[in-house]
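Two complexes come next, and they have one chain in common, chain A, joined by chain B in the first and chain C in the second.
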Partner chain A sequence: MRARILAALSLILATGARADVSLEYTVKAAYLPKFVPFITWPETAFTSPTAPVTICVVGTDPFGGKLEQAASGLKSGERAIAVRYLPAPDPTVSCQLVFLGPGDMAVAEGTLDAMKGKPVVTVTDSGLKARGVISFLIEANHVRFDIDAATAAQGGVAISSKLLSLAHAVKQRGQP
Partner chain B sequence: MLGPLAAAVILVAAGVLMAIYQEQLYSDQQTKSVREQAQILAASAAAAIVFDDHKAAQEYVDALQVNPELQGAAIYGGAGRLLASFARGTHLPPLLATPQTGFGPGYIDIAVPAGQNGTRAGVVLLRAITEPAERRFARYAGLILLVTMGALVIAVLSFAQAQLSRRAQQLANANARLQEEMEERRKTEEALRQSHKMEAIGQLSGGIAHDFNNLIMIVKGNLRLLQRKLTDRESAAGYITNADEALDRATHLTQRILAFSRRQPLTPERVHLSTLAQGLSELLRHSVGEKVEIIPRLNGTWFTRCDISQMEHVILNLTINARDAMPEGGRLVIETRDVTLAVPPPDVESQNFVPGDYASLAVIDTGTGMTEDVRRRAVDPFFTTKPQGKGTGLGLSMTFGFVRQSGGHLVIESAPGGGTTITVLMPRDREVG
Partner chain C sequence: MPFGKIRWRLLAGLLLAGGVLPEGVRAQQQVASADIEQLSIEQLANVEITSVSRRPESLAQAPASIFVISAEDIRRSGAINLPEVLRLAPNLEVARLNGFAYTISARGFNSPEASNKLLVLIDGRSVYSPLASSVFWENVDVPLADIARIEVISGPGGTLYGANAVNGVINIVTQDSSQTQGALLDATVGTTDVKAMARYGFTPWDGGSLRLYGQTSHANNTSPVLAIDPVRSAWARNQGGFRLDQKLDDDSLTLQGDIFANSTPAMDVERGRGYDLSGHWSHALESGSSMELQAYIDGNTRILPSLAREQLDTAGLQAQHNTALWWNDTFIWGGEYRHSKEAFYSQTIIGFANPVTHLDVENLFVQDSFKLLDSLKLTTGIKIENSSYSNVDFMPDLRLAWQVADSHLLWASVSRAVRTPSKIDRELQAPGFLLPAPRFHSEKLTAYEAGYRGQLLQNLSLSVSLYYNQYDDLRTTFDTPVTVIPLQLRNGIIGDSYGGEAWAKYAVTDWWRLSLGANWLQRTEHLKPGRRDQTFGQSLGQDPPYQAQIRSEMNPFEDWEFDAGLRSIGHVKARDATTGNTKVLVGAYTEVDLRIGWRATSTTEISLEGFNLLHQRHLEFNDPSTYLPQYVPRAFMLNLRKTL
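On to the complex of A and B.
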């Protein structure tokens, strides 16, 4: 529970009260590939030992190219980090991290249900009511995130305690 | 003294070497420990660094403030920007992109990379206090002092030990000297007692012999008178002759006693012992009989002064004694030599001895020899080992008395079964006659 105390991010979104949308998504775009080194997927999540970790953005793309920028050159272990954009959930595409943007709530919930028990880390945007393994939120003009380690564990995915310590709220394994 | 000093120097050197080694070990240990702390910080703050979380990073850094060995700690994020730090009386670099180890006055900088799963996110820097040399030296000064004092104590103890053993050696020497002197004194006392005894017996027997001699003269005179009166009585003449012979023997005996008691009038003459012995050879051969072979070794050339007839008597006496010691026969050597003595021969008291030249005459037999006890008492008057009535016990004592009276010495050497050597040492007479 100490993770809750430690969860404070420093990047200030705006000097005033108004949030700059583009800055918010620049930060979120920077965060997405940075989560990857702190997450351990089972080997079955990949098609091959050298296959990249693929970040899939489902639905609307709010990043406008910032995500590719942030992911370029980053590696997690031996694996590179790739970005793909999917108009709708596609079971034929191997995704390890799925970002559900501020789009259709029904699509988001359907995707979350479909991903349950699979080695996929779902990331839900701050505007959504549905919550994935990682869910962004805005607190005092800072981008922060909650982590549901319990759901991740169901899919065989382990999330480093170092990352948990930065989260705003954590749902630990074994918790309902 | 050199041994303990060397030991002390070695001790001190060993102490210094040990201190240097300890110091090196301590320094390595400290570096290692700081590096480990930096690595722990880098690992645990990885997420904070990756996500540029100043607050979280600061919390990690602040946790290290409890370590008094750290002057400062800092976390640098992407592009080497300072993310979080604390510093105590020191200035940490505002930018640090590459991990490296550096040294400054009184501190050491250890920087390690931070990241997660192969991605480099930043650098963690720890600045640890290193002790100044003088403080480190002070830490060992106590030890050095202790070692030096130990060495000093060893040196002092060794010195005392050496003194003590020298003192003990001196004491042992003194004791040995004392023992020797006591033995010397005991011998001297023994000799003195012996000579007193001899003196007393000599005086007594001399006095008796003198009076006895006079009585014999009276008896003899009266016998002459009686003889004149009894010329007609043939039978009486035989008795008188018997009495005369007995008186002659008595006279002879008193002469011997007087010789022993040194009251005998002597007529010293210049004489050559070898010549004397040579002249006696026929008589001696007859005296010892067939079974004993006489071997003369007459090498003496020096003259001496003594009463010739008494000296002849001495030689004859010694020869007969030697013969009696060899009942089964044997060899008898009569030897004369020229000897120069610087120290008294055995059993001769030093106060009676004059170093110088002596004419020596020795009678050496291969007979039964004497026990030490018998040898010691050999010159006592009336001491004899011969059966009752065979010896008077005056032979050797008379010889001894005569030799001493003539300024010479009598030396008896013997061992049971090893024969006997009796040596007469007479002072050399240098007077050109």
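On to the complex of A and C.
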């Protein structure tokens, strides 16, 4: 019996199959496009007055299609919300919201540095040590987020007080 | 069955690699996530991402009676130890016996001897004892500040959790060490207890996080009920441990361990020491499914001076694979192997012919959950378990969840669970008085449950669960015709119980929350034909017919918290184990706890707490054959919590 159990366990290790994305990432995917209407970018952040607000997922994609679903049909003012996946930070792509997933820590830190002072809202995943303008966290089994309004302001991005009031913690302008 | 044994929390999502998913899986995701996408940004913050099917699932959709104690609930309860925290769960019975001993059960059978139908897990590691199928709570502790949440499931958890999850599962999940960075000092001084805990969390390298902790506690003597009771049950305990979490691209690893030692310093009544070490690995498979593997070792010694010494060493290995079989289901399967070396050296005539027993448990389980209609979900599974003391046991489970409307869920289930024999059931003997019982077999339960869970108003949530349990082959102490002794343990009682559990959370204003909870229980048992019980149903425990509680949490001013709790427990009426006369063994009681918390600075919190304020002392349990009854005292405590 013992041998059979162990054989079964090794079989589990060898098996690959399909499953769905966890609820945690479903919730995070739902959050991202809903942040957009609360954020005001300077006009210079966009290539044209009708260009969409683009959410870029840099590195590993943890959403498995959920993000497009969550963003589809949503608008921010006159602008549509688009989603792009970038294997690595790409300065030629116009992104207004950049999500840094649970991938490479060094890429995340490098991207955050590169985005400082630019009209881009960086969003970092929970579990990442590096923190963007918006950083997800898990508190008591709920997905929450912190906002660093100071860093956003450096890039000329304004975040509405409504979104700030929903945040778990806020770093205000002027705070070190 | 939708229960969350091995909840490796936030990790699951981290495991998901990119890549193209099959079309069927996309379709499934659209079904599953449609509700989430429509939530407002405010509502998203309220989505519970717990795992009750041993995989992430919204609590609101779990077809089972599950109460979750959050880290915030624990902090605001002011509770000094783990059993006191568990009083928050309306679907548990918690009784304190003396300075160190507690007995805890769900849906009846509460007593140190009878509470053998509850499974307790700490981060996936079972702390259940194969000696008596019970939990020795004095040897179980977790730093309360490290707990992320406790899932308390009442009802059978047989399919995913295996044998002994007959009437419930308590699943304690500690925080990922990345969530406990920095230093924390938590110290309490009170009229009955002194406790101090220190924790330090840091990031030793990229992607890794570590925390270390140490704690020491002392509980005073409790006063005896009987004049002849000499036991001084003051309790001292020291414990330390660590948790290391490492995140990699597709994997996350956790290594955690604890050591402890405890004693009764006022009188040498009981001593204990132990350690545990467990490793957990989660891996994302390319296609998006995930698998989890856990291995642990656990060593535990209990010394009852001049009576006995028990040494239990356990090694366990468990694996689970979460996937999908077709387009709209979730499929979980896995297995477990556990080996225990249970050594019990008795210094009295009651003991074991072979003090050392090697016990094996092995099981396999499968569960599939799929939508029959958009709003109707069926979950079905089976666990097949084999253990050294039983033949193969089958534990099937069928659950139906009907999402009546957005925030209203009705569910129903039928399931079978077993309690496998313990070493005491099979091998305990006293020459001339008690014979071993090599034919003692598993106790069985068929449970029928139904419940409602939902959001009645935006600020009012309600959960109601009803159950009807049919037990078979419960334990009796059988006599020998004519001479009465020697006695022998047998499977000889059948019983029915029915009851319910309900709780509600009501946000009166944005600074005042109320929680209400209650349970009630009715049970009848009788002997099977030809069976007798010389202990008059002692194996059935002592249960109050009802329990009720209300908690109020207020934040009327910034930085101040005013909390109050009231609990009312019905009287315990049972047959006296020696005379067989039915009488009230424990009177009904009502007690009140109060707490005032003040956040003095952003890193310092001070609170003043009063427990059991209505009476100088009260009795919670009375079975002199296990522990001489002692009173639970009123207590005042001052707590300081500082983060650095």
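Note that the second predicted complex is superposed on the first by the 155 of 176 C-alpha atoms of A that agree within 3 Å, B and C clash if a C-alpha of one lies under 4 Å from a C-alpha of the other, contacts with A are read in each partner's own complex, and residues count from 1 in each chain.
Keep this in mind: contacts are C-beta pairs under 8 Å (C-beta built on N, C-alpha and C of every residue); 3 or more make two chains touch, one makes a residue touch a chain.
If you're wondering where the values come from, they're calculated on a predicted model, not measured in any experiment.
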I'd like to know which partner A:T60 touches here: chain B for first, chain C for second, both or neither.
second
Chain B versus chain C as contact partner of A:G117, first or second or both or neither
neither
Comparing the two partners chain B and chain C, which touches a greater set of residues in chain A:
C
With both complexes overlaid on chain A, does A:I138 touch chain B (first), chain C (second), both or neither?
second
Quick check for you: in the superposed arrangement, does A:E24 touch first (chain B), second (chain C), both or neither?
second
Looking at the overlay, what does A:P42 touch: chain B (first), chain C (second), both, or neither?
neither
Answer with first, second, both or neither: which of chain B and chain C does A:L166 touch in the superposed model?
both
First, second, both or neither for A:K34, with chain B first and chain C second:
both
Taking the stated contact definition, name every residue in chain A that is touched by chain B in one complex and by chain C in the other, in rising order.
6, 8-9, 31, 34, 38, 163, 166
The answer for chain A against chain B in the complex is residues 6, 8-11, 31, 34, 36-38, 74-78, 160, 162-163, 165-166
Touching residues on chain B, where the partner in the complex is chain A:
43-44, 46-48, 50-56, 59, 115-119
Please give the residue numbers of chain A that touch chain C in the complex, ascending.
1-2, 5-6, 8-9, 12-13, 15-31, 34-35, 38, 60-62, 64-66, 69-70, 85, 102-106, 126-127, 129, 137-138, 140-144, 163, 166
Report the residues of chain C in contact with chain A in the complex, numbered from low to high.
9-10, 12-14, 16-18, 21-22, 24-26, 28-30, 32-33, 36-37, 39-42, 44-50, 55-58, 68, 70-72, 148-149, 176, 178-179, 203, 206-207, 247, 249, 285-291, 293, 317, 319-324, 330, 333-337, 360, 362, 364, 386
